Amino acid sequence: MAGNSFGQLFRLTTFGESHGKALGGVIDGCPAGITLDLEQIQSELDRRKPGQSAIVTQRKEPDTVEFYSGIFEGKTTGTPIGFAIHNTNQKSKDYSHIKDSYRPSHADYVYDKKYGFRDYRGGGRSSARETASRVVAGAIAKQLLNGIKINAYVSQVGEMTLEKDYKTLNLSKIDSNPVRCPDTEMAKKMEEYIKSIKKEGDTIGGIVSCVIQNVPIGLGEPVFDKLHATLGAAMLSINAVKGFEYGSGFEGVKMKGSQHNDAFNSDGTTATNRSGGVQGGISNGMDIYFNVAFKPVATVLQAYETINKEGEKVTTQGKGRHDPCVVPRAVPIVEAMAALVLADYTLLARSNKI
Amino acid sequence: MAGNSFGQLFRLTTFGESHGKALGGVIDGCPAGITLDLEQIQSELDRRKPGQSAIVTQRKEPDTVEFYSGIFEGKTTGTPIGFAIHNTNQKSKDYSHIKDSYRPSHADYVYDKKYGFRDYRGGGRSSARETASRVVAGAIAKQLLNGIKINAYVSQVGEMTLEKDYKTLNLSKIDSNPVRCPDTEMAKKMEEYIKSIKKEGDTIGGIVSCVIQNVPIGLGEPVFDKLHATLGAAMLSINAVKGFEYGSGFEGVKMKGSQHNDAFNSDGTTATNRSGGVQGGISNGMDIYFNVAFKPVATVLQAYETINKEGEKVTTQGKGRHDPCVVPRAVPIVEAMAALVLADYTLLARSNKI
Amino acid sequence: MAGNSFGQLFRLTTFGESHGKALGGVIDGCPAGITLDLEQIQSELDRRKPGQSAIVTQRKEPDTVEFYSGIFEGKTTGTPIGFAIHNTNQKSKDYSHIKDSYRPSHADYVYDKKYGFRDYRGGGRSSARETASRVVAGAIAKQLLNGIKINAYVSQVGEMTLEKDYKTLNLSKIDSNPVRCPDTEMAKKMEEYIKSIKKEGDTIGGIVSCVIQNVPIGLGEPVFDKLHATLGAAMLSINAVKGFEYGSGFEGVKMKGSQHNDAFNSDGTTATNRSGGVQGGISNGMDIYFNVAFKPVATVLQAYETINKEGEKVTTQGKGRHDPCVVPRAVPIVEAMAALVLADYTLLARSNKI
Amino acid sequence: MAGNSFGQLFRLTTFGESHGKALGGVIDGCPAGITLDLEQIQSELDRRKPGQSAIVTQRKEPDTVEFYSGIFEGKTTGTPIGFAIHNTNQKSKDYSHIKDSYRPSHADYVYDKKYGFRDYRGGGRSSARETASRVVAGAIAKQLLNGIKINAYVSQVGEMTLEKDYKTLNLSKIDSNPVRCPDTEMAKKMEEYIKSIKKEGDTIGGIVSCVIQNVPIGLGEPVFDKLHATLGAAMLSINAVKGFEYGSGFEGVKMKGSQHNDAFNSDGTTATNRSGGVQGGISNGMDIYFNVAFKPVATVLQAYETINKEGEKVTTQGKGRHDPCVVPRAVPIVEAMAALVLADYTLLARSNKI
């Protein structure tokens, strides 16, 4: 209830600040008897971790997950899965310069106002480091979702846009380059662009697209818990996200109904898929696809003016090791949140029929 | 839990199908002692009801709300507020032609698959008629949110876009025209356009924008229940919505961090507001503004081919009284959902401090 | 969340005060496709209603339930079931004498303190009249629980105790007498006793026992949502309940482990059933049985001294039509709450396995 | 949702099995700015831990809690408090004898049936070892509940009953003896009795009573979330509990209304307190008191016959280190659960008023 749990039946609760002893979480509601591939979970974490390539933050955090419960002889037991990722490279000193001032477009100011004070070390709870716990839980959810394929990828960096339908992309190429863009040529350009942005000490926004395939018909709980509404909430809960659209999205508003409607094939599939795999809040068996907009990272390695707690203007120099562009590392986070939503709705759907 | 409740502390549960006896709901958690203006509630309902103008559906439904509980001597009692809107003009016969076939891009098919059968009268529960209950609850939430101003308006119909910052608009003009566009000139053009679309028996999409002013600092419950994440879920739960963006939104991804960051003024406000009034999931006291994308209504008054339950191709003629463009009537619904979110987070915020 | 909902997946939300326009509720999460026997639902309501016999309150309330949604062509649709029971015999004037004073051992005082004022007509929301909505929902839950038998009965009135194991009782006799005690002889004595209490203008407490048979193994969600913990909460939420025990209950504390343990039969059943059908919070397939203690009704038809809002001592004469003993009418309420718990846990159990 | 969380706004989620790597939990919703006395928390854990005296299990577990998050510079931050208690003395070998058979009146059988298999090491999740996490969270809740005093104590062991009103007891003596009975003389007798039971290799049940003082008026959320209903659920969720009663409890059913009613004093307090501090589900400012019945521990150190997975009869010898009577160690658990309920309802009550 206090905001740190996600899901109704497959439910993740996370804890941890960027510079505390450990981050982690509890997954409650994972069915018993699932054989877990723990290496696969760690490998998802590795996709998110800092220091993977030249275009992401150079912080060195091993991000090793340790499981405390809920797994016995390699299988889930139906009891809660507790886990932790110990922080080993906090470098609190990097943040001493922001202890007394509020970084623009960060959560520093609102945390201070809401809670009466704040953990100023690296953003504390507001740091995207928290998403490591989501990736762990999402990796378990993926293993529950036998047969469903979830692929996210970078489709835009700044103004550079992948002008292609996901069906024409080779999704197996996503992890073949540090940008996580399935078009190798575009990936190269994006990488160069991000490097140039980094050199300026600046940052740039981007879009992560996601495709979910082999989804069974019937996931979604209208009227409020429509499948796409929860997918939207899941994505909007990720740090730096400013927008979500699925299927025809914002472009679809320009169309007429006669153009936009998806005609049925005899088998219940549709000839087109402007609906984006969800109709009336319920999956219709077609591919689900959506876009998630990420703003540019707020921490720029430049001098900037801001205010301190007393409301006085101060000039600060951004420093530390930060991502010039968040979308490459956001790809596994988007996938994880999508997996959590689908796992939860899979369990919810089981209770709907007599 | 089964999808028909919204909110944690200020909680609306709705019931009702488009052609059942009544729609309605229960509001649980409304604090005691609020003097309710019942006429104001009915007037919000009237903004949503069919038959208001030439550009909306010509169904005649009085949509009169009846309160059953939770109000005593003009004030809320702190106990649940039960209410109903009786259906008086169901015309079930209008829908007999769709009893055995699935309308494209409607929820007919997925409801049938999910629940094993469906209430085919006017879409049953999947009809946007359900949102009448939300408008009732939202009107009560608005009365709780003393001082906070919520204004939604139509900013786009098809390709016709209002090219203006909301600050330059006269929001008091929203209800002065049937489109609910605050720019009278643009409203006229949109109205003509919708009429021409209607004449074709077709429909068109659009965008509703919303501005929330005078929001206190501190609403929002990170990490999952970020204020904008719940606003997004709220909007995406409205029928026909395909996308949500707030603040700089999808356009913001093209910017550099040094351009996008909102510099602080001495009083904690910001010089710009690309953040859209929410930082790290918590309101920062600046205006909250967001866009909601609505697809074109799926029911077109044209002949179309589809399938029946047996998967056979059938040709059907769309008929009945439907909206050629949903956004004018969606305006009060967007406001209602925004009010529900803010009322809930207002109550949640009270419990955060010692 | 604000206290007027019960259940997680099969979820009842109730509204209504004793003297408002209507009571009612919404059942969310009832699976689709259940053929409902509406007469059976009304007949459960009739078991609870006032005026059935000489030993219950003589108020005349028809208590007819009207369904608004969620049922189509005789079957549940999977969408929320909204219903109302209109109040027709409020006689608010009966309560004018308590408008300004607090009745001892009633909720008048705490409602006033908690909410700032109160609906003084017949106790408002704190009246047991609210349980009519529970009986409606419970009757639907019973129809979902195909094969499971739930039988509650009166086992104690004042000091008069039914000294028998439920297995020796003829549970089909429960409704054969106004006390709802399956032992006809004891029922007669209890009836006479209640009449004599009534003649004194006094009231008396009692115990309702309940047996649930044919429960499948595996219902219950440890560690917090143990089946018996939720049964306990359900019973304790009924007006006037002061205690709950299941299986060996309070007597069991006197036993040694070697005496108390239930030895297994080869088929997994147990030779004895001191566990009361629940082990570690999970049903084990044996009969579930429990006792619910009801205090004497607080409204006595005698003169009594109390205080008014100003804290001044006032003398009041209890009047109106009240139950001298609540347990006969509590029997269907206990059954209803038991059915709601079992329906909810049945749905929860479906999501536990892969 | 899956049973391992407790509370709505002050919410504890626990994880961990008796013989896994660690137990622990996450407290979400603890307000920011509370100065935590960590030694006090550890000292509550020490009251629960094994090996304290001759009458409890001789297992040696240090039970040291480690906090991972949510605390900064000695104060709560308003973010989730993650913690773990590492298991150091698992001795899995002690349980090899029960791997293939079901212990009578344990959860072995139902876990196997519900989840498809079980963690047989010491009961896994069904072990009362899980309650260590509750004690940690309860100790934090106690620190939030400034001024409210919660005292539990042993009032019955087997047939030995403390025949005294709690007001005549010296509650400061509770921890002065290993039984945790405030009457030193009775404590001595109970201790001797438990020792004799232990010598027999047997176990015995008991009752823990609890008194909560200085409770503000207005805690409780009718109609379902009545304060005593949630207290009851909280207590019934503790391992081995078979019953709960508050105020006049089961004895109260024998009384007449005219005897049972609590007359008001001028200041709103009552002359008697048969209500037990809760009226209509809402605290009335009087002391809350209740009794919790614990069955005898199921593990007896004697030979017994049971069945294995194949349903064959097998004879087993109970062994290991177990409590002959659970109530002395249950005292801090009862207090912890009471504190969790009160903390949650304190936060809930804040949102009730405008």
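Every chain is named by a letter (A, B, C and D) in the order it is written, and numbering of its residues begins at 1.
Methods note: a contact is a pair of C-beta atoms (placed from the backbone, for glycine too) under 8 Å apart; a residue touches a chain by one contact, two chains touch by 3 or more.
This structure is a prediction, so every number in the text was calculated from the model and none was measured.
J.: Compute the shortest path length in steps from subunit B to subunit C over the network of touching chains.
T.: 1
J.: Relative to subunit C, which chain's C-alpha centre is the most remote?
T.: The most remote chain is A.
J.: Between subunit B and subunit D, what is the separation of their C-alpha centroids in Å?
T.: Roughly 46 Å separates the two chain centres.
J.: Report, in whole Å, the distance between the mean C-alpha point of subunit A and the mean C-alpha point of subunit B.
T.: One centre to the other, that is 26 Å.
J.: Which positions in subunit A are in touch with at least two other chains?
T.: 1-5, 8-9, 14, 29, 32-33, 78-79, 114-116, 125, 222, 348, 352-353
J.: Would you pull the subunit B residues touching subunit A in the complex into a rising list?
T.: 1-6, 8, 14, 102, 104-107, 109-111, 113-116, 125-126, 130, 156, 158-159, 197, 200, 202-207, 217-218, 220-226, 228-230, 232-234, 236-237, 239, 242-250, 252-268, 270, 274-276, 279-284, 291, 293-300, 302, 304-307, 311-313, 348-349, 352-353
J.: Can you list the subunit C residues touching subunit A in their complex?
T.: 1, 9, 29, 31-34, 78-79, 144, 222, 347-348, 350-354
J.: Can you list the residues on subunit D that touch subunit A in the complex?
T.: It comes out as residues 1-5, 7-11, 13-17, 20-26, 28-29, 32-33, 66-70, 72, 75, 77-82, 84, 114-119, 124-125.
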